[in-house]
Structures are given as structure tokens and as C-alpha cells.
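Beneath this line is the structure, given in C-alpha cells, with notes to follow.
By letter and in written order, the chains are A, B, C, D and E; residue numbering begins at 1 in each of them.
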Amino acid sequence: MMFFLKLIQSIGVGALSISVGLLFMGIGRKITARIHRRYGPPAIQNFIDVFKLFSKNSISHGFAYDLGIIAGTSALLAAVVFLPVGQINLFPANSSLIMILYLMTMAYLGMAMGVSSSGNPNATIGISRALTMMMGYKVPFAAVIFSVYIFARTGSLTNIIAAQSGGLLNWNMIRLPFGFIAAEIALQGMLGEKPFDMAIAPAEIASGPMVEMSGKYLGFGMLQHAVGIFLETGIMVNLFMGGAPNVWIFVIKQFELFFIALLVNAILPRFRVEEGVSFMWKIPLLLGVIQALIVVL
Amino acid sequence: MRNDTPILVKKITALSLITILMVGFFWAFTEMPKGSSVNVNNRVSRLYILKNVKAATKSLNSGNFFAKGMKPLRSDVPYSPITFGKSANLEDGAANVVTSIVVDYRGFDTLGEVTVLFLAATGVAMLFFGKRKKNIIKAQASLIMSVGTRIAYAVILLFGIYIFVHGHLTPGGGFPGGAVIASGVLGLFLGNDHYESNHLGLKLFESLSGMAFVIIGLTGLFSVNSFLANFLPTGVIGDLYSAGFIALIYIAIGMKVGAELSAVVDSMIVDTEEEWS
Amino acid sequence: MSIFNNAALLIGVPLLFAFSIPLFGLISKQLTKWVTLLTISFNATFSLYILLAHKYPSIVVMGNWLPPFGENLYIGPVAALLVSLISVMGLLIAIYNLWSIKKGDVTRFSVLFLMFTAGASGMVLTGDIFNLFIFMEITGISSFALAAYGPEKRALGGAFKFLVVSSIGSTLYLLGVTLIYTQLGTLNIAEIAARINQTTPGLLTFAGVLIVSGLAVEAELFPFNGWVPDTYTGAINGVSAALSGIGAVSGVYALFRIAMTVFGKDGTYVSSYGNLNFMAVIAVLATATVVIGELSALTQKNVKKMLAYSSMAQMGLVAVGLSIGNELGVYGGIFQLVNHSIAKTMMFLILGVLVASGVGENIDDFRGLWKRSPFLSLAFSVGAFSMLGFPLFGGFWSKFAIVGASIQRGGWYDFIIGLVLFASIVEAFYYLRIVGYMFSSDSKFPKLKTPWTPTIPIFILAVSIIAIGVFPQIVGTFSAQAASEFTHKMSGYVLNVIPTIAAH
Amino acid sequence: MNSNLIWLVFTPLIGSAIAAILYNYKFLDRLITFSTFAITLFLVFGTHVGQTYSMNLNFMGRMIPLSWNVTHLSIFMLYISIVFGTILTFYSLMDRSRMKGFLLLLILAANNWIFTTNDMVGFFFAWELMGWASIVSVLGGRKERKSRHAALYYALMSIGGSYSMFFGLFTLWRLTGSFSISSNLAYLSSIVGVHPWWVLGIVSLFFVTFMIKAGIFPFHTWVPMAYAYAPDTFTPFLSAVMSKYGIYGMLLFLPISLMEKGMPTVFGLPWVNYIFVWIGVITAVLGTVLAFFQDDVKKLFAYSSLSNLGYIVAAISLFTSVGVTAGIYHAFNHLLFKGALFITLAAVISRSGTSKLSEMGGLWKKMPVTFFTFFIGIASAAGIPPFNGFGSKWLIYQSMIKQHLLFATILLFLASTGAFLYLFKAFHSIFLGQLSHNYDNVKEVPVIGQIVEYLLMFAMIFFGIQPGYILRPVGLIVKSVGLNPLAVMGNGYVTGMFSNVDMPLIGWSLAISFVFGFILFFISAKHKYVSQEDNYTAGQIPQDWGLTPETYQFSWKFYEPMEKLFAPFYRIKIDGFFRGLGDWTRITGSAVKQVFVGNAQIYTLFAVVGLIILVIAGWVA
Amino acid sequence: MMQEFLQNYVYLIGSMSLIGIGLYITLTDENIFKIIVGLNIIESGTNLFMVAIAWYPKAVMPIYTLTNKLSINGKVIAADPLPQSLVLTAIVIGLGTTALALTIGIKIFEKYGTLDVRKIKEAGR
């Protein structure tokens, strides 16, 4: 009975993450368009796109391709159920942040496997760039995470949230300002927004990983991006903004973070890969290390 | 020090090294017994001279030879005075004490010594082994030389034999005797341009006399139960027929050394050409 | 004191036959090699009988004059073991010589080889300090002549170098012996050993320096070993094998008989009387030998020369082991001596077979030897592994004991063994390089036809290396007894020769 | 009954002898090897903790006691090594590489001896046996010259290591007069407070050996060469099992650090341990960084092994209960996934005939089972839950953070992320991307190979979601070294310091989301399969862009941007020190050789100079 | 004074000088035969040294003859015969070594074409 309850709740969280993610993407397109002095598509455009894509015939390059692309979405969905979303915390005893981060890696692996098995070099170049960039942002992010771990004396998101309870001043955002800034820059990289969007740079490598995707495959790709946005901003909210008493506030907090990312995305040009990584290893890492020193000493 | 060191440097180095070495030696000599304080009675030679080794052995076996602190009491060993021509049946009958040491007390050394010479001769012959060339005549020997050497050869041979036969009585012995004989052979080579030694004879002499020495030794082993032991009566000191097997051994040595040195002379004089094919 | 006079046959029989070989040579040249072989096999049988029937410790009285008045041979555990080793090695090399010595003066070569073996045995057996000199000269002269044998001119150069250095060495030895005689009035090793502290310390030191320097020439210790590379390289392979497997054994024996028994002062670690501790001096010389030998061998492209340098270094290792001076160290040193003798003899013999079948001496010629002659390359590797101290090969146990003993001793021996182990890594490099070359498959040359005569000794030696590696007690038992003889000079040596010397 | 400990050593030796006789008949050799491994496994079933046995070895008339003692650690190591060996030898039945079964059996004998012995003589002997057998095994690689070079390098390092141990064990013997490991360790623990530097010196002699065998930072240089050029079927054993000997040795000696009261501490750790943590971290990072750009796949995974051993060392050096648990657990995980990876590599290399990443590609269609095994292997290696590599990595981070070793942890995380990068590079270059036409006829590995691969896949998933089966014995080991074991809540849980991970839950979550993914996939519109060449750029000919078929595969410079980033790293030649040492030795050798000028006169001069020096010494003395 | 010097040191100085001269020749002269001569001189020095330690002032020869008494009142007055016998041996050994050395020298001249000791070596070290 318990199992089915959790199952249904999990499905709910998954659906929530997909819809919120798609919504954010749509809003993001709109906002970016407005910044660019365009009208832009409606906010629900991405829902429409997904339905459209899933109903179109498509080509595939073999079972590894299928499997990889399914894995990309599914693994993120599997990870998202462990994320405390407002009052919904399905597995409070089992919300280790590192576990969630590693589970997300499964998604990258699946995605990378799928698109690489297509044999298109552009896709592989995209993957290579994405992975290189991942190396860049993971390190400052890890510095921040470990600072938080030591600061909060816990590694479970549930407990981290609990440690920040009691008002704005208890938020890690305030207590660990350098760490928050570092994590914010890392988030920019995680979301793949400019200036760190070299993986999908359409002008150079024909959208990189997505180059061979069509129909439902592209649909899965969008779903994955949507869940990814939800998951990543969700982690940030839980880490630095003290979680949320309910889902709505949680989503609003997520949107705040996403909004900042969008603004940066809209106004900045793109880094080269190695520039991006070295930037990540200079400023955010420095901030993260300063934060860590403050915490440790 | 390298191959191309200038000769002056070499000489100076050598000189300084040798100087240091000499200083070391002389420093050591200051601790040595001075010539005036050498005392044969403190040495094992006393026993050889007085021919009382058997008595010493007896005292050794009874535990009286070594005093406290392991000092040997060589002067306390009883001895009977030896009179030349009278004392008989001594443990060693040679009047010449050096000979008695060389052949009897330390006969094993001598066997080794003979072997060394034999090996040297063998080595020389081995290295010069090859096809014999015709003798290249460097300088024609004069008539006097060629006749004189032949006559002298007989005398020299006889003298050599005399020396080794009387080894146990007078200074001399197998080695000087053999060397004397070889000098006769050398004379033959010098005096006669076409002289060729009798190789088979030399070989026979060399081998048989050497074997004789060992066989005498082995006889000692099987008769007296000790290798190179004197198994013959020693007679009266001073007699020609005395001193047991010393004379026999010296005869063997004499013949052997004579043959060997002759062979050495032969191989060195006669030019050979190597053949390894 | 037990007397075993028949053991004089160990010297007498080879001498008899050495003198008679020229006569056999009149019949047939090939016969002489067989005479040598049979004589040495008599020696080997007899010495093995002495060793296995435990006929030691006993003395052989020469001329019926008991020590310390006459000359004697002393058959202790050391002598029994080393004479057996020397004779067996001599026998195996004689078998090899049946095949290898076909040209030149075969008769005289046989004489010299026989006397080389007998002389080395005599050196090990003798109980008289001057007699030791004579046997040294017998060994020396026969080895000069043997080393000069052969069609190549480098043989002569090597022999000449050996001769010059060795003459200086024996002169020094003789001077030292004379100095000791002026002090003690005797030449018997046992008596000198017992009474060595009755001498003037300064003169004793000086005599010791002379004797140690003189014997270090034969024991191949730096800086007295200049002759080693050239002589080993110059000589034909059978002779090189004999020099390293027989000559070096007796040289090291003589050195340590003098340093440990004659000059030695019993203790936990044997030291020596006199102002200078000769054991320490030897340890320093030996370490220098190991390091210099291995480093010089490192860049050799010529395998024979490499083996020569390695031989030198191994003798240094033996000397390091013996110079530690406790039972474990001496055990290791003697064990290492046996192992080195077996392995190096085998490697030189293999090299001889290879060179005779047209493989060069250069390391590049060893490429792909495994395909060309599996047996020889396997045997060579076995020897190399034994040198390196590969477990399950003979060398392991001896190296183990030597290192163990030096560390047990501690102090500056830690430093020495550190250097030695560094040198061993260098050694490992060049031996493994050869082994690697042999087992590479890039060879274009046809298979070698290996004659069967020389493979007999090689096979026996290879098998014995592995046998010793698996059952170290084959050598270890005797080596342990030998160690006890070396480290207890009174009970191990003097009292067996002159039982009544310490009656009071 | 305790004599079965002896048989643990002797059975493989006997097997080895038989196999050596039959080594020309490859299949028989392998069969005997496999069956000996299986028999040994049965013998291990009969072994239990606390069993002891002793016998005396006659060494120069003195009895040296050889003793055996089975501890929790030893039985754990025995099981994992022998089970893996059995699987590997089963795989090797149908294998074409030049691995010699009898050498593997010699290593097995040494393996059993090392893990069960309680005396240093036996330990040393077995260590040497293992070292030499593995050196000879390395010789049989595909590239002969290179494997010879690698074996030589390995041999020199290994000899250096064993001499170091030699020194250490005899030093201990000098101090205690005993060879027994347990009593010597007790002795060291008892004097560590009084003479910490002494103990440090002795222990470091042993640690040098262990670090060389495990390939830890300053001594790692042999690892890539030896792993890469060893026979393909032997490399799994080398990486999975043999690197653990060093870890085992370190675990034996680490409890001493508990007693180090006199030593100054850093972050609550004795500073020696602190240094070792950093050595581990440096190894991990170094392995990762160097693995990025390898073109030889075995070399790449060799560096990966290096990196993982760095993790293990860092964790066990902490010597806290989490640390040791994590270290041993990671040792097991590394054994499993790296074994599996190297076995699949062997399969791939045997089929494709090359180990160059740039020459392979697109093999996934041809070798699906191998592909999946490799996939799960790299997922494990990257630490992706619920596969088996995750739990230990997670514990390692926790143990490090517990000690507030923040920088070390960040660097380890960097290494882990980097691991994902190079693992994917290998994955991509072998299995994904374009299939070269050279490999059109490549087939899946034979049935035996497939069975082994299924088995390994199963094991990686099973031990991933049921870590309790490993954590319980690890807990016993942790208890036996004197630490509090971590609580094991159930077979599925990994219990950490800060939180728990419920591995089956993750498994369920993944499985269910996959089901949903598949449902979505199948209910949506149809798809059709097209060939790989039929893609977005299908109309273009690669040559037009100046690309060759190899570069079209895009594995040529997979992480080109990284090369610029890590350029400073590459300027530090790590093995430069050892090469420099070698060169220096060689130059010294050439110089020393000049002593022997070949001139009799100068040799005489030497002798005279030597004499004079001695005379002067005697004079002075 | 003079007598004491003669009795105590003259033989020793003589023998040491011979050894020194021989060594000097061996170390500096490059001709093989001269080196052999040097070795021979060293040997002579050694032999002289050995004989010198046997002799002491007023010693008689160690041979029993009708007139020659070797001991008076239990005190031996003869020169020490043992070193003399050793010298005998040493001389013969020296002879053998010299013969062999000369032979090798001759063969070296035949094969190397030189008597310069520096040139008797192989190319590679």
C-alpha cells in the first residue's frame, strides 16, 4: 500500500517537474524575446512542441540510440523524486545530495550514449564540449556543496533545509554568500545557458547533441531539459534558500533563480570551451574556496 | 690516471707513491726484531736444526708444548746433540738443514714448487705451440764455441748431477742441479746452429721424474700413512747414503728441473708459427 | 684432532696425472682431455664423499710431521664444501672442454686445466700460510697460461694484465707472510691464528695490510681487480668459466681464511687484531667492488664483458656477506659463493656454445635467441635469475641471508647494504635486458644446432640452480657449518688442528 | 584440519607445475588453471576466521617459524581475489592472448600465501614470487618490444620495492628477533609513542613496497606501461587483484597510526596519515588527468586504476571507521568493475585486433553483450547509482568531509568527474560513433565470454543494489582492526555519516522511470531504423572537410580543449625522476667504466694506491 | 754505530730499495719487457728481504759438518734455515712467472706488433 502511495506521489512529482520545467522554458523564451525586442512565442509553447514532436514519425540509429535517449529523461525523473519539493518530501531519509548529483550523471551518460551512437561527429563534438563544461562547473559546485556539508554538518537535503529554518537570515544564501555566488555561476553552466552554451552552439556544430534528433527523440530531449531545469534550480533552492513551505513558493523561488540565469543568458555572448572551464576554475572556484575556508576555519 | 698521462706526471706520481710506501715499510721495520736480536730459538727452525720435531710432537701430544697464553716452549723440547758422521737414525738424516726442511719437513711445498715450474714450462710450451720454422740463424757460432759447448756440456751435466745427488750434504740440491744441467743445454743451443733437442726424451724425463716424486710421496702415504713421509732409514748423518728419501727426491727434482728448463729454453729459442685452423 | 691422511690424494692424484699427461699426449691428444676429466672426477667423487660422509673436520698430515711443525691440510666444513664445489665445477668444465678444446696444444691445456683445479683445491685445503702462497702460484701460473690460450690476441693482453697485477699481489702476500714469521716463528695457520695477539700491533697491522692487499687481487676486490674485465673477456669461454667458478672461489676463501681465522678476533661479529679492522676494510673494498662492478656492467654491449664485470661485482657481494662476520652473514656469503660459482660458470659455458655456433658476443646478437635455441636461452635466464635473487632460484637464499645479516648488524652496514641493493637494481636492469632480448621474437636467423656434449654440464648446472632454490638445505646445511667454522676460530679451526694448544 | 591453509598455497603450486608442463597445449594449460582456481575456491570455503597453522622452516640450522593466520581481512581478500580469478580463468579458456596459465597459478599461490601468512619471511617470499611471476606474465603482450620494456621497468620498480621491504623486515627482526607479523606490529604499536620516528622509518620502508605494488603517486610510473602491454587477459588480474596487495599491506600497518600519540596532528589526523591522504588524492587526480588523452585504451584504464587506488589510499589513510570501510569497499568495487572493464577490453581487443581508440568505433552493434557489460562497467566506475561503484565513492567523500579535508575532497570530486569524462571517451571511441568498415565482420565473443560478461553484469548490479553483502564482512574487518564498524541497516543500505542511501529504492525509482520512459517511447509515433551513415551530414564526404575516416570517428582529440587547460600538468614529467635516475646511473656507469682503462700498468698503479691507502689507514689507526 | 747500522738495516734497506726500484719501473716504463724486468727486481727484493730476516750477526751456516756446530749449550747459533728454504721456493716460482711473462710478452709482440703496454687493449671498454 505504502509502495503504491509513494509510486503515485512520485509520478506526481515527475509530472510536476516536467510541467514546471516546460513552463519555465516557455517563459524563458518569452522573456528572452522581450529582451531582444521580439514578441516571442506563448509561454505554453513548449507543451505544444512536445506533443507535436511525440506525434511525429522519426528515424533512429539503433537500440543504443533509443535506450540512451530514454535513459536521459528517465534517470533525471528517477532523481527528481528524491528532491524535497516544498512540503513534498517523498524519501526524507534518502535525500543525499551527492547521490542525486551522481544519479543525474546517469542521465548525461544515457544522453551522451544515445546521441553518440548515431555516428554523427557533430553530436559527439557537442557531447565532448558538454562533458568538458561539466568538468568545469562541477568543481566549484562541489566546493560549495562540501562547504554546505561542513557548515550544516549533514549531507541530506532534508536536513540542510531543516538547518536553514527560521527566517531569511538563516538561509545559506545569506550565511554563505560567496558560496551562493559561486553556485549561481555553476548553475548557469549546469543549465547550459549563455555564456556556457557551447555544447549546443547551433551555428558551429548544428545544435551539437541534438543534431540527429527528430520527432519523439527531440521530444525526449526537451523533457530531459525541462526536468533538468527543475532539478537543478530545485537543488539550489534547497541548498541556499531554505527550501519552501509548499510547492508554489518552491516554484517561485526556482523561477527567481531561473530568471537570473535567463537575464544573464540574454545579454552575454558565448565562451569558448576552454575559456569557459578556466573561467569556472578561476572565479567561482575561488569564491567557493574562500567560502570553504571561512567555513572550515 | 689515464693512458695518455704525460710521462712526467706518471713518474712523479710513481715516485711519490713509492716514497710513501717505503716510509711505511721503514716505519714497520722499527717494530721488527733488529738483526742483532733475531733469535732462531724463538722460531720453529730450532726444532728443525736440532732435529727434535718428534720429541716436540710428543710433548705437544702430552699438552706440554704450549705454555699458558699459548706461548710455545720450543727451547724446552728435549733434544740429543748431533755429531756429524756419528749420530744415526735421526728423524731426518740430512746434514744440510735447509735441505731437510725443503724436502722433508716441508716437502709438500717443494712438490708444489716443482709443479709451478712444470706448469710454467707447460705454459711456455703451450703458448709457443705450433709448426716449427727452420732455425733462423742470427749469428754463426764460432768453432770454439761449438766445440767448447759440447765438451762443456758433459762436464756441466756431471756437475749438475753431483749437485743434486749431494743435496742433503752440501748446499745445493735438485733445483740448482737442474738449472746447471739446463745451462748446458742452453750452451748446446748457442753453440750449434742446427741443434735440436730430443723432445721425446725431455718429455719422458720430465713426466717420469715428476711422477716419481709423486709416487715417492704416495709410497709414504701407503707405507707410513702420510703423504710424502720418509719411509726409508735415515742412516748416519753425513753419509752419502743417508737421509732416507731425500736423495731420491732430489734426483727426481734434478732431472725434472733440468728437463723442464731445457724444454723452456728450447721453446723460447725455436721459432714457431701458430696454427689454429 | 682426527687425521685423514688419505685425503692427500686430493692433491696427489691430480699431480701424478698432471705429470703423466704429456705421456698420454704421445698416444693421443684427445686422450689427455679424458685423463683430465677422469682425474677431476676422481677428485669430485672423493671430495663429495668427504663432504657427504662427514669426514670433516680432520687434518691431513704431510710427511708425518704433525702441525704446527710440518705442513698439513685442514679439511673443515668450509674446505670440504669448497673443494667439492671446485672439483665439481672443474669436472663440468672438463666435460665442456671435451667439446670445446680441439685446436692448439690440447695436451698442455689439459695439464694446465687439471692443475688449475687441483691448485685451487689445494689453496682451499692447505693449513700452512706459505703453502697457501705456493698453491696460489700454481693456480695463478696455470690461469695465466690458460687465459693466454686461444687464437685471439685479446687473450694475451688479458693474461698479461692478470700476470702483472697478480705478481705484485703475490709479492705483497709473501712480504706479509715473512713479517708474520719474524714475529711468531711459525708458518702454520692454526698456530699463527692462536697466537696472533702475541705480535706487535703495528707490525701485525702492516703485515695484514700486505696480505689482504695481496689476496684481494685473487678475490677480485677493487682496487686490486683491474685485471678482471680484460682477462675474463680475453680468455676463451671455458677458461673464463673456470676463472669465475673456480679461481675466484679459492681467492675469496684465502682472503677470508686470513682475515677471519688468522687475524680474526672472535665475537658476535668477527673483527680482527691489529690497529685496523680488516673485516671493515674488506667490507669497504667489497662495497666499492659491488658498486663499481655493477655500474660498469650497466652500459656494456658486449655480453662477455658484462659477465666479467658482473662476476667482479658478485665477488664483491660474497665478500660483503662474509665480512659481516656473524654466522648468518658468513652463511650468506658462502652460499652466495656457491651460487655465483654455479651460475656464472654456466653462463660462460652457454656463451661459449653460442659463440662457437656463430652467435656474436654482442647483446644485439642475443635477440630472439629463444626461438633459435630454447634450451640455452632458458638456462641463461635461470642463471640470470639466480644472480638477481629470484625466489625459487639459488641466489634468493644467499641474498636473503646477506641482507638479513647486514641489517641485523646494523650501524654502518645499513649504509653498505643500501649501496649493495642499489647496485643490485642496476644488476637487475642489465640482466633482465638480456633476458628480454633473448625472449623477443624478432630474429631472422635459423635454429642453432646445439652439440650435446657441452649441454650436459649446462643442464646439470641449470638443474642444480633450481634444486638449490627449491631445497636450499642442499647447500645451506654445509654452508651453515662453514659459517660456524669461520666465526669460531678457536673451536672451528685451531683446536681441530692443534688440540692441545689451549691446554692450560 | 588447519593444514588446508598449506594446501591453499600448495594446490596452485602443483597446478602450476602441471600447467607448466602442458603449456604448449594452450587449452589444457588454461583448463588446468581454471580448475585449480576452482579447487582453491573450494579450499577457501573450508577456511574460517581464526584458523592458524604453523610449521618450521630450516634456515641455516635455525628454525624459522612459518605461520598462517586467517583474519577477517584475509578471508575477505581471499574470496574476492579467488572468485575473480576463477571468473577470469574461465573467460580465458576461449582466449587468444599469450597469458601463461601456470604463471597465473604461481601468482595465485603467492596470493593465498600473502593473505594468510602471519610471518614476514613467508610474506616476503610470496611477495617476491608474485612480483616475478607477474613480471614474466607482462612479457607476453601483443606488442613485444613495448611489453618487454614495460616488464623491465616494472621489474626494476618491483625489485626496488622488495629490497625496501627486505630492509624493513630485517630491521624489525633486528629489533624484535621475530618474524611474526602480528607480534612485530604489536611491538611497533608499543614503541610508537616513545620513538615515533623510528617506527615511521620502518613502516615507510614497507610502505614504499606497497605503494610501488599498488602504483601510488611517486611510484605510479610503471603502472600504465605494464597494464597496457601485458597480455590482454592478464591485465584484468593485474588491475583488479594485484593492485590490492599493496592495499592489503597498508591495511596491515595502518593500525599503528592509532597509537601515534606523540605525533603532531593536522585536521585531527596524525600528520603522516594526512600526508598519505594527500598522496592518495594526488594519485587520484593525476590518474584522471593523464587518462584523458590516452589513445591506447588499456593505458587509459590503467590510469583509471591508478586514480581509483588513489581513492582507496586516501580513504584508508584516514583510519576512521568510515574511511576504512569506504576504502575496503571501494577496493572490492574497483576489483569488480575494473575487472569487468578489462575483461570486456580483452574481448574487444581480441576481436578488433587493436587497442587504439582512434582505430575502433561503432562496435556496439557487433558486440552487444560486451557493449552492455562495458556500459554497466563505466557506470559503476563513474559511481552512478545503483551500480556498485557508487556506495564506496559516497562513503569516501563522507569520510573526507568528516575530517574537514575540504580541498582534498574537492580534488577527489574533480577526479571523479574527470573519471566520467575519460570513461565516456573510451566508451564512445570503442562502441559508439561510426563503425569502421574494417570491423564489418567482427563477431560477438564466444559463448564462454558471454557467460562471463553476463555474470559480471549481474554482479555489478547485484552488489550495487545489495551492498550489505559486502558491507557486513567489511564491518567485521573494520572491527578487527580496532575501529567501530558502521551500522548495516539492511542488505540494501549504505549507511553514511550524514545520511543513508537506500540502493534498492534508487533501483526501483530508476526502473519505474525507465518503464514510463519506454511506455512513452512506444505509445508515441513510430520510428524507423536507418544505417549509421544515414545521418545529418550524410550528403557530405568527410574528405571534403579534410577529414580521414579515422578522424571522422571523432575520437582523435576528444578533449582537445582540456589539453590547453592541463598543459602545465603535462610539463611536469612525473616519471622524469625515475628516468633521470636511470640516466644518471647510466652516465655514472659509463664514467665508472673508465676506471678500467685496459692498461696493465695503471691496474698496477691502482693496486699500489690501494695498498698505500690501506697502509696509511693502518698508520693512522 | 756503523756496525749496528750494517747489522740491522742494510739488508732491509737494500731489499726495500730493490722493491722500490722495481715498482718504479713497473709503474713508469711502458715497455712490456721492462715491466717484466721491474717485476723481477721486486721479486729479488722480496727474496733478499726473506733471507735478511734469517740472518743475524755471527750466525753460522745451517749445515752440519765436521767443524760446524749448530748449537752451543742448547742454544742454536745457526742462521735460520726456514726462510732460506722459502726463498729457494720463491726463486723457483719467480723463475716460472718470469718465463711465462716473457712468453706472453713475445706472443704479444707477435700479435699486437707493439711492446707498448698502453696499446695492448681492446677498442670497446
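As a working rule, contacts are C-beta pairs under 8 Å (C-beta built on N, C-alpha and C of every residue); 3 or more make two chains touch, one makes a residue touch a chain.
Just so you know, these numbers come straight off a predicted model, no measurement behind them.
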Key: Required minimum of steps from chain A to chain B, each step between chains that touch   = 2
Ask   = Steps needed, at minimum, to get from chain B to chain D via touching chains?
value = 1
Note = Under the touch definition above, the chains in contact with both chain D and chain E are B, C
Key: More contacts between chains, A-D or B-E   = A-D
Key: Reference chain C; chain at largest CA-centroid distance   = A
Query = Farthest chain from chain E, comparing Cα centres?
reply = A
Query = Cα centroid separation between chain C and chain E, in whole Å?
reply = 29
Ask   = Distance-wise, how many Å sit between the C-alpha centres of chain A and chain C, to the nearest whole number?
value = 78
Remark   = Expressed in whole Å, how far the mean CA point of chain C lies from that of chain D is 44
Contacts with two or more other chains, residues of chain D listed in rising order = 593-594, 596-602, 604-605, 608-609, 611, 615
Remark   = By the touch definition above, chain E meets two or more other chains at residues 19, 23, 26-28, 35, 53, 82, 86, 89, 93, 96-97, 100, 104, 107, 118, 120-122
Full enumeration of touching chain pairs = A-D, B-C, B-D, B-E, C-D, C-E, D-E
Note = The chain B residues in contact with chain E across the complex are 3-4, 7, 10-11, 13-15, 17-18, 21-22, 25-26, 29, 32, 34-41, 43-46, 48-50, 75, 79, 81-82, 84-85, 95-98, 101-102, 106, 109-110, 112-113, 116-117, 119-121, 123-124, 127-128, 170-171, 173, 175, 237-238, 264, 267-268
Inquiry  = Looking at the complex, which residues from chain A come into contact with chain D?
reply    = 7, 10-11, 14, 54-62, 64, 66, 70-71, 73-75, 77-79, 81-82, 91, 93-96, 98-99, 102-103, 105-106, 108-109, 112-113, 116-122, 124-125, 127-129, 131-132, 134-135, 138-139, 142-143, 146-147, 149-150, 153-156, 159, 206, 211-212, 215-217, 219-220, 272-274, 277-278, 281, 288-289, 292, 295-296
Task = Would you mind writing out the residues of chain C in touch with chain B in their complex?
result = 5-6, 8-9, 11-12, 15-16, 18-23, 26, 60-66, 68-71, 103-105, 108-109, 111-112, 115, 119, 122, 128, 130-131, 134-135, 137-138, 141-142, 144-145, 148-149, 151, 179, 181-182, 185-188, 191, 194-195, 198, 200, 202-203, 206, 498, 500-504
Query = In their complex, what parts of chain E are in touch with chain D?
reply = 23, 26-28, 30, 35, 117-118, 120-122, 125
Ask   = chain E touches which residues of chain C in the complex?
value = 130, 134, 137, 140-141, 144-145, 148, 153-154, 156-157, 159-161, 163-164, 167-168, 171, 174-175, 178, 181-182, 187, 230, 233-234, 301-302, 305
